[in-house]
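Input: one structure, supplied below.
For reference, chains read A, B, C and D in written order, and residue numbers begin at 1 within each chain.
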Amino acid sequence: MTRFTTLSDAIRDNVSNGQSIAMEGFTHLIPFAAAHEVIRQGVEGLTLIRMTPDIIYDQLVGVGAARKMVFSYAGNPGAGLLHRVRDAVENGWPRALELEEHSHAAMANAYHAGAANLPSAVFRGYRGTDLTNVNRNIKSVICPFTNEKLACVPAIRPDVTIIHAQRADRNGNVQIDGIVGVQKEAVLAANVAIVTVEEIVDDLRALPNRNANTCILPGWCVTAICHVPMGAAPSYATGYYPRDNDFYLEWSRISSDRDRFLAWIEEHVLAHPVDASVQEGAR
Amino acid sequence: MTRFTTLSDAIRDNVSNGQSIAMEGFTHLIPFAAAHEVIRQGVEGLTLIRMTPDIIYDQLVGVGAARKMVFSYAGNPGAGLLHRVRDAVENGWPRALELEEHSHAAMANAYHAGAANLPSAVFRGYRGTDLTNVNRNIKSVICPFTNEKLACVPAIRPDVTIIHAQRADRNGNVQIDGIVGVQKEAVLAANVAIVTVEEIVDDLRALPNRNANTCILPGWCVTAICHVPMGAAPSYATGYYPRDNDFYLEWSRISSDRDRFLAWIEEHVLAHPVDASVQEGAR
Amino acid sequence: MTAISPKEYMTVSAARLLRNEDVCFVGIGAPSAACNLARLTHAPEITLIYESGTIATTPDRLPLSIGDGDLHDTALTTVSVPEMFQYWLQGGRISIGFLGAAQLDRRGNLNTTVIGDYDAPKVRLPGGGGAPEIATQAREIFITAEQSKRTFVDKIDFLTSLGHGQFGESRGTFGVHTKGPTRLVTDLAIWDMLDPEGRKVCDPDFQAQTAEFVVVSLHPGVTRDDVVGSVGWTVRFAPHLEVTPTPTPLELETLRALHARSANSQ
Amino acid sequence: MTAISPKEYMTVSAARLLRNEDVCFVGIGAPSAACNLARLTHAPEITLIYESGTIATTPDRLPLSIGDGDLHDTALTTVSVPEMFQYWLQGGRISIGFLGAAQLDRRGNLNTTVIGDYDAPKVRLPGGGGAPEIATQAREIFITAEQSKRTFVDKIDFLTSLGHGQFGESRGTFGVHTKGPTRLVTDLAIWDMLDPEGRKVCDPDFQAQTAEFVVVSLHPGVTRDDVVGSVGWTVRFAPHLEVTPTPTPLELETLRALHARSANSQ
């Protein structure tokens, strides 16, 4: 059942070197505060799984926390390339980064298969693309009814999934409004799930005006819940705060230079006492 | 794009002898009024697809409209057996009924695969059951990563899907509240989709308090929309009217005798001028 | 208070098997009554899930169907039916599947498909519904049914939902690694799935190939002959046969009030 | 009003390809501007879908990312990302996929993965994202990109998203039966995918194995040499070369106002 803990306890108790971790949130609700706590705790050798690595994995890769990244779109959305990921891939700095590269369709189906406890996902995809030549985890199956050859990728089953949500109630039930992405699948596919939330309310059942695009995860599917206001900044939380688009653009400048990047991490992540970065936003 | 039509026009324009038809709604929102119009128009030779045939297919089978039924649970929910289906299967009355029998998991996955435009659905199922001995449409595939043998059934792709929903707006967008069942999948899997609704509103986007469990189908996925208040009775429509449990119990008595059944169909379905049954409820 | 009926013994005894932390996939009828009784008495936080998609539902009355409006209105959330079978049942999120059957054998195999031959049935039953995958994907199965020679048969006519297979087989024979049926609660007795050494399914040395349902507790007033006379196989009794504890006044009142509310609203 | 820029020609010309009844899967950047311009001018009922799950979205400003809050707040509905790729894209519900690229060839094949060798890249680009399946599952593909020898290359370094394959191949070679790239709109010209006989993809006699992008219209003031000088392959021009119609004042005002709103809010 769910435990309500501090973010530092949740990371310390559940995250360790060498694990596979998915931090999900499709542009929306990216769990930056939790990633920063992972950086502060000096976790290493991670396999980072995420459709859109975004700034959050640029930071984790940049500090050398990862040995491998499973992904489908490694850009700074709306702003260009991820310079820390590039530096790791192109120059092995601060260490080499193995890539397992998919398409969005493959990753989405692989999370779906993980949540559904299947060993792999079958879909119509990867036709004509060179991705099949560089990723040995793209195989195929033959439909026994039509003989059509379909793509098949392994289900994603992370050791730990971390997401950020708008709210949880005192029974640990979690609610996500707005763009729901693959968070439900990422949580249900994982062995352990940590959820940071903007707000803790008494009882989700009693909330008026539950939105049409709400996703709800029952408390017994979540390992730990941490109350972390602004825990998604500079990403956003529908109903709480907008995306900090200026920071996304500024990140191109910060991240394009190794020293500038390290200074930023020192000042904005490491120098913060544990969890304090959270209270004032992730920047 | 969506056309707003009368129910009789929608059935006349889109339903014909020999088609495969799915009328879905999991206990909730069963499209009885549309089925009665199919009976009145004397359509024959149908392949009826539905997870829970319920009274709606007991009636269609009882009048001899079907040659085959694809299903996973053919009971009168809460009341026992479906006597007209039994009579067709056990005695060939009024005509023989071919059965393609699945489990709920298989049907749910097959609708999902249909909506996803896949030829078949892969899932972990049918282990140890005799159903694999009586249904040739249960095959298997081998996971190329784990060598696990998984069940595989053909995707459901009905010629026509008919559902009932609470409301549509003037652009043809359809909203379902409450238990959403497999209606979205059944509509997206079909070549043609007919939706009967309790109410037509101006603009779904403008509705306050959209419920957390709302399903929305954009108008361009729907072929015809018919305004049919009480179109799901004696099933129910969350927010409009409750399930007529007394009628479900009474149906056991009506349907257990061929003559009583035919008299009921004559009085409550055939004798009604087209669409009039709808206005006063399906009974 | 009127005398306790055999069926009330069955429902109360079944309810007592459930724990507060269980996530229970509920079938209609006797399982539904037992699950809701547990929720209204000793297991207030139990999570009840119906295959219509309603999660953590808390109905005030027993639903007639698996998809009554009350189930949605009192649920934490409602998901689509594909999601229910993909993420929740196959996903391994269900701790207890609670099933009934038209026929069952001593190995916990269930038939809800046909009596007689499949292609020329004597009685065409409703079919499997959710049960074939509930039986293999819920982490543990409880069965509840009223005893009769028609229901408790030596050989079921059709295997709809896997228990432990035939003698000599196990669930592993079919690639199934969940516990399967462990308890059977009837109107006369409580049965456990035990191997010849008396080991339970959860025992690491459990010998599935030779296990069968064994009577471990008789409801007050029920004799061994009552049990033997309503079962189509040679019944095994545990060496130390218990007497089923009588329902408490609270259990009985709660169950009767639940049934009364349910009857009034239909 | 200031002079019309080449990029404005590109966006307006791309917008004009879209019809009111289209269901368009929108990429960020130039495609997003074109699709929203169409919606705000001649195609008010066009359905715009972003891969973040937002269906029939009507943002007042251009999103910076594919999942800005505006896209959800102004959508008819938002679905999960798995559903978007399963039911909507693979489901065959998208009429137009609108793509850009870091590299493209004359057959409409796109590279957004790497410049140089995959294992030792000169530039590691973001990767495919939604594009590999948009390219094969949307019923038709429009491409928009600014011309340069870096982008318009004779041979792309990596085939991320299938156009019509190599000369001698077709989409059918890969089991793909959607139309694929039919139009290419740049800052200098409009190109059509034509076979040597001038037949379009929708023509039943279209010879895919020999088709390539052919310049059919030059924006006002652009010369053939301008086009040739910014493309890394031998350019084919249509026998009857059109001049791209000038954007109307309404188109231009709407586009500029859209960009102004977008800049202000960021």
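As a working rule, a residue touches a chain if its C-beta (ideal position, glycine included) is under 8 Å from a C-beta of that chain, and two chains touch if they have at least 3 such contacts.
Note that the structure is a prediction, hence the values are computed from the model and not measured.
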| item | value |
| --- | --- |
| B-D against B-C, pair bridged by the larger set of C-beta contacts | B-C |
| Gap in Å, rounded to a whole number, between the CA centres of chain D and chain C | 57 |
| Centroid distance [mean C-alpha coordinates] between chain B and chain A, Å | 39 |
| Separation of chain B from chain C, taking each centre as the mean of its C-alpha atoms, in whole Å | 29 |
| Chain D residues counted as touching two or more neighbouring chains | 77, 86, 90 |
| Residues of chain A engaged with two or more neighbouring chains | 112, 116-118, 123-124, 148, 184-185, 212, 216 |
| Pairwise chain contacts under the document criterion | A-B, A-C, A-D, B-C, B-D |
| Interface residues, chain C side, partner chain B - complex | 28, 51-54, 63-69, 71-73, 77-82, 84-86, 89-90, 113, 118-119, 121-133, 136-137, 158-162, 165, 171, 173-176, 266 |
| Residues of chain B defined as touching chain D within the complex | 1, 112, 115-118, 171, 173, 184-185, 188, 204-205, 216, 218, 220-221 |
| Chain C - residues contacting chain A, complex | 21, 23, 45, 47, 55-56, 76-77, 86-87, 90-93 |
| Complex contacts: residues of chain A adjacent to chain B | 116-120, 122-124, 137, 139-146, 148, 150, 152, 154, 208-212, 214, 216 |
| Interface residues, chain B side, partner chain C - complex | 26-28, 51-52, 71-75, 77-79, 81-82, 85-86, 89-90, 101-105, 108-109, 111-112, 123-131, 134, 148-149, 178-182, 184-185, 212-213, 215, 236, 238, 242-243, 245-246, 248-249 |
